[in-house]
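Given below, in the form of C-alpha cells, are the structures.
In the two complexes below, chain A is the common chain; its partner is chain B in one and chain C in the other.
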Partner chain A sequence: METILNILFSGVFHASTLFLVAAGLQVVFGVQKVFNLACGTFYGLGAYFGITVVKCLVEHNFPKALFIVPLIAAGLALGLVVGPIIERGLMKFVYDRDETFQLLLTFGLVMMLEDVIKFIWGTSPQSMGGIDMVYGQLNVLGATVPVYNLVVILCSLIIAGLISWLLMNTRFGRIIRATADKREMGEALGINMKVVYLKVFTLGTVLGTLGGALVVPAGAAVSEMGMDLIVLAFAVVVIGGLGSMKGAFVGALIVGVLKSLAISTYPEMEMLTIYIIVIAVLVIKPQGLFGGSRV
Partner chain B sequence: MGKTRREFVKLVGGAAVGAGMLLAGRGKAQAQAKPAKGVPSGPVRIGAMPGLSGVIAVPGTAAWRTTQMWAEEVNAAGGILGRKVELSMEEETTAKDCVERFRKLTLETKCDVIVGLMSTGNGLAVGPLAEELGQLWLAWDATTQKGVVETMPRTKFSFRSTDNEAEAIGGAILTAKFFPNIKTVVGINNDYSYGRDCWDAYQAVLKHFNPNVKFVDALWPKLGETDFTSHIAALKKANADLIMTSFWSGDVPILMKQATAAGLFKRSKACFTTGGGAHYTLKKEFTPEGIILGYNSFYFKWTDTWPLLTKFVNAYYAKYKEYPVYETDHAYFVLQAYKEAVEKCYSILGRWPTKEEVGKVLSGIQVPSLSGFRGYREDNLMSCNFFMGLTSHKNPYDFVTINQMEVLTPVQIMKPFAGAKLYDWIKGWKS
Partner chain C sequence: MKNRQEIARLKSLKLPLVIVIGLVLLCVPLFAGQFFSYLMLTFFAYAITVIGFNLLFGYAGLLSFGHALFMAVGAYTAAFLTSTFALPYMELILVAAVIVSAILAALIGALCVRYIKIYFAMLTLAFGMLFYTFLLKFYYLTGGDEGMRVLRPYLLGIDFSGTPKMQFLAGTYYIYAFVILAILTFVMWKIVSSPFGLCLKAIRDNPEKAEYLGVSVKKYRWYAFVISAAYAAVGGALLAPAVGQVDPGLTYWTQSGTLVFMSLLGGFDYFFGPLIGGIVYILLQNSVMSLTSYWRFIFGAILVFVVIVAPGGIAGVIGSLVKRRERRD
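And then the complex of A and B:
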C-alpha cells in the first residue's frame, strides 16, 4: 500500500506541473494556432524569478511559512509582464505566416530566454534552500509525503478549476471558445482579435511562469529545466488532444502516473512506456482523447 | 552581419579578460612582456573549449573563469618566458562542432596548445584529431575511454583526464569503510556511459570488500532530469540500506532536497560519489550529515597550509561570490603544467620548444596545483588525488562540507596504466 501511494503521489505531483505547462501550450494553440515551444522556458523563467523574490523577502524577515503567497504573486506578475511584451513584440508578426515560421520563432525564443536566464542568474543551480520543508511531511498510510508537494497539487487543481470556470462562465471564455472555433466569425461580430490574442498569450505565459514558480521550492532551478518539461508536454498534448484543456488535464495525469509507475517497476522503460501510449493514441485516435472538444 | 551566439560569448569573454587585465595593471606595475632570448615575440595562443550551456555549464563556467584568472595572473607576471598569453575561446557543444572548432583553433588561430573539453563523447572525437594534427590537447575532464576501456593507451599530443570511474571506486572504498554493515544498495545514476560505468565500478569494488552486499535495483534518469519525485518513490520501494549516485551537476541538489523532503534518508544511508561538483548548492537545510560526498579532485577546504589553494579560493570568491568546484583545478593544472613544461624545455634547449618537445616533457610532469601536486603519468593520463568524506554541518557556510576527509590517491583509485583491464585490476586487490 505504501509503495502504491508513493508512486501515486509522485505521479500526481509530476502531473500537476506538467498540466500547467501543457495547459499554457493548449490555450495558445487552441485560439492562436501557434505551437508555442517557449512555454517550457516560461516555466524556467518563473522558477528563477520565484527564487529571487522569495529569497529577497526572506532576507528581509518575511515569515517563511507564508512564502507561498509572494511565490504565486511572482509567477503571476512575471507572466503578466513577459506575456504581453513577447506577444506584441514578436508573436503578432507571425500569426499570418506559415507554421514553420511560428515554430522557428518560438524555438528562437527558447534559445534567447535561456541565455537571458544565464545572463541574469548565471549557470549555477539556484534553490530556495529547504524553505518548502517548513510545511513538514504527512504520513499517509505509511507513505511519507512532503506537504508542499500536496500544496502544489492543490494549486494546480484550483488553477484547472479557475480555467474551466473562466472558459465556461465568463464573457472572455465565450469569446475564446468562439474564436477558437471560427476566428473570422468572431472578427465579423466585432471582437477585437488583437486584444483576444494578447490576453490568451498572456494567459499561456502566466500558466508557465506560475508552474515554474510553484515547483521550484521542491527542487532547484537549472537553465535547461524548461526543455526537459516541454518534451513531456508534447506527449501530454498528443494524448489529450491538441488544443483541449480537458485533454491537458487527463494527459498530464496519464503521463505523470505512468512515468512514476514505470520508474518503480521497469526503470529503463520510462520513456518507452509513455511513447507507446503516444503512438497508440496517434494510430487509434489521432486527434487525441479529447481532441474534438476545443479549448 | 549579426554575430553568432558563440562569437558573442567569445567577445564578452575577451572583453572580460581585457578588463581584468586593465584592472590588474592598475594597482601594480605590470611586468613588461619582454621575451627571453631565443623566444618569439608574439603572444602564446591558448585555445580553450569550455562547455557553457546545458548540464556541463556549472563545471564549464568554473573552468573558463579559472582559465581567465590564470591568464591574467601570468600576464601580470610577464607571461610565459616573456610572451603574453592570449586566449581564444570556442564553446564545447556537440562532438561534430568540437572537432570543427578544434581544427579551427589549430589551423586558423594557430594555437600553441588547446585546453578544455569535459564530455568523454567529445574527447573520443578530439583525441585522435589532436594526434593527427600534432596539436597539444590538455583535457579538463574529457577522457578517451569507451566504457572503462582506454581507446588511446599511447598518445603524443593528447593529455587526458583521470579515468571516469575513479570517483566511483573511491566511493565504494569509503562505503566499505564507513558503512561496513550495509546489506543492500540501490543505485540512481544518469543514463549515459559515465553513470553506467560508475555504477558497474562501484558494485565491483564494494562487492570486493563486502561480498555479501546485494544490489537490489538501479534507476537511470536521463542526464538533465529536474524532477526526481518518481525516482524517489522507486528508491523507497527498493528499501535499501544505502543509495549510491554519481550525479555531479544541477541534479545533485534536486535529488538531495526531494529525497530529504520525502524522508528517504531516515531509512537509508547514501553515497554521492561526485556530488561535490555542485557542493555549494547542498544547503544544510536539506542535506543531512553523515552522507558520503565526493568532491572529485579538488576540495576548496582541503587544507589551510597550501597557500596556492587559499589564495585561489579567496580570489575566486571575491570575484564570483562562489566557492570553486573541482573543474577549476583541472583548468588550473593543465595551464600550469603547460607553462612549466615550456619553461623546462627552454632551460634545456635555449629556445621556444616545439609542440612535440613540450609533449615529451609533459609526460611524467608533476607541478604544484590548487589541490597539491598533480601530474601526468607516462601514459599521459592525469594523476591526482580525490577528496571524499562525510557531510557535516559544522562550518560557517549555509551549505555542507565534509569531515573525516579521506584523500584517495591515484594508486588507490586509478588503473596502474592506461591499457590495464579495470575489473581484472580490482580482482587482484587484497581485501
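And then the complex of A and C:
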C-alpha cells in the first residue's frame, strides 16, 4: 500500500510539472502550428532563475517559509520577458514558412539558450539546499510525502483550472480557439493575429518557466534538464494528442505515473516503456487520445 | 533553346569541378597536418550519412528527426564486431552495418512512412530516443553511458596494428574512407537521377498527382527510408574506428538535429548541398570550439540565421548568385 501511494504521489508530482511544459507546447502548437522544441529549455531557464532569485532573497533575510511567492513571481516574470523577445525577434519571421523551418528555428533556439544557461550559471548542478523541507512532510496512510510536492501539485491544478477558464470563458480564449480552428476566418473577422501570436507564445513560455521554477526546490537544476524534459513533454503531447489541453493533462498523468512506476520496479524500463507507448499511440491513433478536440 | 545550352554548359562545368575537388580532398594528408586530415576523415563519415539523409529530406521531403539512430547502428556494429566478436574486418563491418540497419529501417520505415511532416518527424524522433534509452539502459550488452571500445579494423584483410594511430587514420584509413565516399556519392547520384529519384521528387511536390500517375507513394518513401538508413550506417561504421569509441550520445535527438543542420546549412535542394554543409559544419565547429566553449550558442545563431535569412543554404546562395550573374551577361 505504501509503495503504491509513494509511486502515485511521485508520479503525480512529475506529472504536474510535465503538464505545465506540455500545456505550453500545446497552446503554441494549437494556435501557431509550431512545434516548439525550446519549451524544455524555457523550463531549464525557469529553474535556474528561480534558484537565483530565492537564494538572493533568503540571503537578505526573506522568511524561508514564504519562498514560494517570489519563486512563482520569478517564473512568471522570466516568461513574460523572454517570450515576447523571442516571438518578436525570431518566431514572427517563419510563420508562413514550411513547418520544417519552424521546427529547425526552435532547434537553433535550444542550442543558443542551453549555452546561455551554461554561460550564466555554469555547468555544475545547482540546488536550493533543501529549502522545500521548511514545509515539512506529511504521513498519508504510511507513505511519506513532502508537503512542498503537494503544493506544486495544487499549483499545477490551479493553473490547469485557470487555463481552461481562460480558454472557455474569456474573449481571448474564444479568439485562441477560433484561431486554432481556422486562422484565415479569424483574420477575416478582424482579429489582430500579431497580438494573438505574441500573447499565445508568451503564455507558452510562461508555462515552461513556471514549471521549471516550481520543480526545482525539490531537486536540483542541471544543464541538460531542458533537453531531457522536452522529449518527455513530447511523449506527453503525442499520447494526449497534439494541440489538446485535455490531452496534455491526461498524457502528463500517464507519463508521470508510468515513469515513477518504472523507476521503483524496473529502472531499465523507465524511458523504454514511455517511448513504446508513444510509438504505439502514433501507430494506432496518430491524433492521440484527445486529438480530435482543439486546444 | 538557350536554356538548354546553359544547362549543358553548367553540366560540363560541374563534373570537372567535382573531380578537382575530389582530388584535392584525396591529397589532403600530403599537404595538411594529421589533425586536419583527421577532421576531414570525420567529414567523410558525416558526408556519407548526410548524402543518404538528403535522399529522404531533400528529395522525398520527409524530415527525420531520428536519423542518428542508423548512424549509431553502424557505429555499434563496428564496436560489436571488433571488440565482442573479434572479427575486425572492415568490409565485413560495412556489410553487416548495412544489413542490420536495412532490416531495422525496413521495420521502422514501414510504420513511419504512413505519416508525413510533423508526424513523421515525431515518430522518427521517438524511435531514435527509444534506441538511445536501449543503449543507455542495457549496459551489460552495450556498456551503458560509457559505451564500447572500437578496435582498429583490418582493411582488405590487412592488419595495420603496427602503425601509429594518427598515421593509420590520416593515411591508409583516410584513403579507404575517401574511396567509399566517392563510390557512394556516385551511386547516390545515379539513384537521384534515375526514374526512382524523379518519382521521389514528384511525390514530394505533389503526392496526390504522383499517386494518380501510378507511383506507389508509400512504397517509394519506404525505399528512400531504407536506402538513407543504409547510408547512415556506413557513415557510422566508418566514424567509429576513427573515434575509437561509441556511446549512446550518437543517437540522442540533438545528434539527429545536427544531421538536419548540416543538410540545411549546405542547402538540401542541391545534390552537393549537404556535403558543403557537412564540411563547413565540421571545420567551423573545430575553429569555433578552439575559440570558445560556447560554440553551441554560435551554431544555434547560425542555424537561426540560415532558417530566417537564407533557407536555401550555402548552395542556394551560390546558386542564386550564379543565376544573377548569368542574367546580367
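To be clear about the criterion, the second predicted complex is superposed on the first by the 295 of 295 C-alpha atoms of A that agree within 3 Å, B and C clash if a C-alpha of one lies under 4 Å from a C-alpha of the other, contacts with A are read in each partner's own complex, and residues count from 1 in each chain.
Going forward, a contact is a pair of C-beta atoms (placed from the backbone, for glycine too) under 8 Å apart; a residue touches a chain by one contact, two chains touch by 3 or more.
Predicted model, so just to flag it, every value in this text is computed and none were measured.
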| item | value |
| --- | --- |
| Fit-or-clash call for chain B and chain C when the two complexes are aligned on chain A | clash |
| First, second, both or neither for A:Thr100, with chain B first and chain C second | second |
| A:Glu268 touches, of chain B and chain C: first, second, both or neither? | both |
| Touched partner set for A:Thr3, first chain B, second chain C, both or neither | first |
| Contacts of A:Ser223 with chain B and chain C, given as first, second, both or neither | first |
| First (chain B), second (chain C), both or neither touched by A:Phe35 | second |
| First (chain B), second (chain C), both or neither touched by A:Asp115 | both |
| Which of chain B and chain C A:Pro286 touches, first, second, both or neither | second |
| First (chain B), second (chain C), both or neither touched by A:Val145 | first |
| Common ground on chain A, meaning residues reached by chain C in one complex and by chain B in the other | 111, 114-115, 118, 227, 267-268, 270-271 |
| Chain A to chain C touching residues, read off their complex | 35, 90, 93-94, 97, 99-101, 103-105, 107-116, 118-119, 227, 231, 234-235, 238, 242, 267-272, 275-276, 278-279, 282-283, 286 |
| In the complex with chain A, residue positions of chain C that touch it | 63, 65, 111, 115, 117-119, 121-123, 125-127, 129-130, 133-134, 137-138, 253-254, 257, 260-261, 264, 293-297, 299-304, 307-308, 311 |
| Chain A - residues contacting chain B, complex | 2-3, 6-7, 9-11, 13-14, 17, 111, 114-115, 118, 122-125, 127, 129-133, 137, 144-146, 148-149, 215, 218-220, 222-225, 227-229, 259-260, 263-264, 267-268, 270-271 |
| Touching residues (chain side chain B, partner chain A) in the complex | 5, 52-55, 57-58, 60-61, 191, 217-220, 222, 224-234, 236-237, 249-254, 257-258, 260-263, 278, 280-281, 283, 285-286, 322, 398 |
